[in-house]
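These notes open a run of structures that come right after.
In what follows, chain A forms one complex with chain B and a second complex with chain C.
After this line comes the complex of A and B, so read on.
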């Protein structure tokens, strides 16, 4: 994991940010529109009011008369609780109303068009509607200007109310959008997680290509991953091939060297020379053994990719392996005791032989002369156990897990030749079969017990 | 002077310009230094129980109670007289004071619990709803069917002109703010008003400035009936005496219901106490049962069938008849109807 934030979180944050922006924007727009609508409503009512008043204008005995209609003001009272002011004047002569109302001074055409203006009166902002009408006073037509003004408290409270409502809706929208964003981010990252899970579920040596339907965006990743695994597999295989080939090529000349050394030993007379030749033969034996184990290991790696499971009888398998190691044990006067149980297992016989042989070989190698090595086969509910116990020095003080790693040897193995591959081979075989290798020092440091555990098929 | 309406009113009330014409006055002394100055159109005897109840809650407060006519009250507040509370039955004048910025806002739990029609902008609050009624003398109506509509009243007056000549009383709308409000609202609502005014005009009507005098005259038999009397006063006085000589009649074709309102003038100093008194009055205005209080609550107007007409609406339309041109036109018409000699 690197320090970059998770894609899911980034995606969620990004979407939430967009949602927040849209929420604020929509709130702002609704607020503006609400205010506009409220203002327009007020303008319409003011226009109706001022027109109603203007319609009552008439001339009586050369004087302009008017009668404020009740409805002109009651309609203003109907839309809001706002203060109302008015003014009626002909030219410069004030007729009635509030003389100091700041009426727009511009000349208004007498087309009956209503002019709107905003001003301040009596300490409050007012909206004013003004209309002019020509009235025949005597012989002269005079222009009468009627103005009705109303404070804007109603407009403010309506738009505040709607703005608050819009704010609530925006917050709700934002919350819904955020949860949807989180959901969307999770859903779109699901295939990625699934692929990751599929890869991590795999065994350590499973390098088969991934076969699953991936979204278009992930296809290149899948392809690259598969190609990488393919290359990795090839390189592992070629390394194993190389080791096997090398081991094989070493073993054959070693055999020749050993044969020649034995001939030389037989014909040698000098005791000193014989001694040196024996040492040489032992070294060659050891090298040959190591080469053999390397070959075994390569075999295990190769075969465990593609297990050939054959039903075999347990006793046959054990007896065969024990028989193969009998001479080695005999050289150290070690007795191999077998406690057998009848049963069949579905295993790769070559690999199982390899595993058992390596464990048994280890037991013989680390046992002092004239002791017993016991091979006990038992079956539990779900597993079959082949326990190999010796009477040696135990496993030493190091961590037990380390012993099954390649080329790792115990802390108390000085003086005994070994490659450190035997337990690795056994473990790999068992793991390939779905089993495991258990190692423990017997109670009182009286030897080691290595158990090959197989699931019963 | 800010306002030209005032100029006209001043001309109407030219005689009172120099000083406030006080009808009644009393100081209810409290234990402390603070004084709540109330200017009102309500008679002292009507408001005394309210003021005493309020003082029982705030004993330290002295209450200075001044009774004036509604026009005087309007003029005083417009002129910047210092009062903490103005109570008036002339809702049009009260409304104009609020509209023109002479009232300050008061907001409390009680005022917000008032129905929408009983308040306007937190500036003006109604605490009683009182109907306009006919108060008649049972003695003078002996042997006659009591009229229930204006049309029946018109018919009756036409049938017995001798019986009613000089015995019909009503407000002089030129003097009385409340009378003017009743007359204009009635003229707006029913065409029978002008017919009735014409008929009454032919019978040498007696014109009064105030309800009290009118009711007294009915009780003493000088008047056969008084038209457009404020129901609460009539009911109050009826309850006290008369011994059946006076009867209250609600017109069933249409009845005006006015709201008695309170405002806190911008000149007020004891705004908290004024607000508390408004709250008390508004609480009483919302009571369920009439109780012992002289004034009816908002929801109940005393005489059953009058409620359905609903009170006159608090709103800018009230200012229409206060417009000097409209007022002049209305008064001309009224004079033509009422004074036919």
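After this line comes the complex of A and C, so read on.
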């Protein structure tokens, strides 16, 4: 097991292991006890039987006599169907029973104490009880040894039965224990999972502290999580503030330079001077545009990782973006014609607006004045297409794929301010949504068509 | 039109005020939110141009605060160009935004678009001979007839209308009409003037060519 395996699984396995150990132990103990009990029972009965036989010993005309009482054997039959053997002998003289039944060789005192032994007879394990008794044969006291033996099939079968039952119970106990431990693991990990779910449900910019009841053990985790979020939020805020402040510090003087240059351009008489002022304004525009698009691109990259998809009406989005660019288009007397289709899409509205704006901005930029730019929204079987066509000069003769690469610009863009990031941003946004950007020169070089393709949700 | 410009950068503010004044707009300049409040308390404005970062606060907060009782359309001037900032500005009640540094033609175009969208309240129609020119709506009314003009025609006519009787050079007109980066020659001005002449033909107003100097608008009665 690795150090990073699931806590739930680890906990379950650990508890199951303990349960298995306990189950085996209890089975073993139960089996042992059952066997002991069965053996003790057999011993007791054998003792009673052998004692009963020994008590019938008497001497008659100097000879040892005995009557085998029926009860001595019937009590043995009561506990099992096992075979019973007996042997009565005085010293070395065999009196009755099975002569070859092995008897304890040790000296047995005649005090009536029963000696037990285990041996093998006629190929079976037997339990034997032996008692010794003094009988007066004539004047001579003779020690008579009585042995009763019984095979152990009954004991074995009883203890096997009990052991099977114990095994069955152990398995049941194990299964219950495993499911209980799985349940326990899940229950005790539930607050942790809930916290994880609550964190993962959040959008990329939601850094509010977690406010939910947590068990005491998780309180330190919650506290450090919240502290981390707080620090993250602070550093993001300070980075944002810094960027905003930097942009403000740079762009405001740039705006002044541009405004003054434009005013100077207006009053300049010399064509050469005018040309220089135009170049100056162009440089200002170039730098501010690049800065803006770099920031946009960073935003796109950041947000693409975790899209904030919102259901929005496509026509609202397109209309809003088009309205934002209307004044820019109007400056060149370019008409923006929208062919709309109603429908909802699940997209990140900020990113989609950005993508569409970049594509539209391109179309306007590269269109000659007094032409039309058409924005056509249509829905296919599996995709939604927003086609932006212009009546400009087309894409030039470079490879089309190159145009969506960072800082790459077409071969016929001379004289137009651009950063080479607009189409990259659009492409990245679409790819993040599972779509693509298609670029083509319209037939007969009559313009360009850029299509934003989104999978229909 | 009366504009209120809220911008703390003195040079930029001056440039914007001068430029808007050229188009015949009266512009009051406030260098802080406090000054802007004072101006709003005593005067009625047609449009507010609002910077985002001001010495005494964030322009967007001011916007959110005053939107409830402020009817005047607002264009936010922002140096922050991030996508989320744009959306934020519009959400807080701005009518439009423009990113610094901006093109005067674009600023003007956006002002015009916002005023047209808000529409109606403040018309500044200009009488040209027998016709009435509405630069905001972008049309010429002549008797029962309403002629819609293209954007550049509107702007050209507006320059002439505001400088009636003055000689305007081709390069002056070019600066007014085209964004600096449009590669245009002075011939383009001739094309537009020619087109505009046909539009206003017979309306009691004409554009004369002043040889070697430029053009001048004259009303026929004068």
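Methods note: the second predicted complex is superposed on the first by the 253 of 457 C-alpha atoms of A that agree within 3 Å, B and C clash if a C-alpha of one lies under 4 Å from a C-alpha of the other, contacts with A are read in each partner's own complex, and residues count from 1 in each chain.
In this text, a residue touches a chain if its C-beta (ideal position, glycine included) is under 8 Å from a C-beta of that chain, and two chains touch if they have at least 3 such contacts.
Treat the numbers as computed from the prediction; the structure is a model and nothing was measured.
Looking at the shared chain after the overlay, A:443 reaches neither chain B nor chain C.
Counting the residues of chain A that each partner touches, chain B and chain C differ, and the larger count belongs to C.
When the shared chain is aligned, chain C comes close enough to touch A:353, but chain B does not.
In the superposed model, A:153 lies in contact with chain B only, and not with chain C. Once chain A of one complex is fitted onto chain A of the other, the partner contacts of A:296 are limited to chain C, with no touch recorded for chain B. Shared-chain residue A:328: touches chain C; no touch with chain B.
When both complexes are overlaid on chain A, the residue A:247 reaches chain C alone and has no touch with chain B.
The touching residues of chain A, when paired with chain C in their complex, are 243-245, 247-248, 250-260, 262-263, 265-266, 274, 278, 281-282, 284-285, 288, 291-292, 295-296, 299, 324, 326-328, 330-333, 349-351, 353-354, 369-370, 415-417. Per the touch definition, chain A reaches chain B in the complex via residues 65-74, 76-78, 81-85, 94-100, 122-123, 153.
In the complex of the two chains, the chain C residues touching chain A come out as 9, 11-12, 15-16, 18-19, 52-53, 79-85, 87, 96, 99-106, 109-110, 112-113, 150-152, 171-172, 175, 179-183.
Touching chain A in their complex are the following residues of chain B: 2-4, 98-101, 120-121, 188, 313, 315-320, 323-326, 329.
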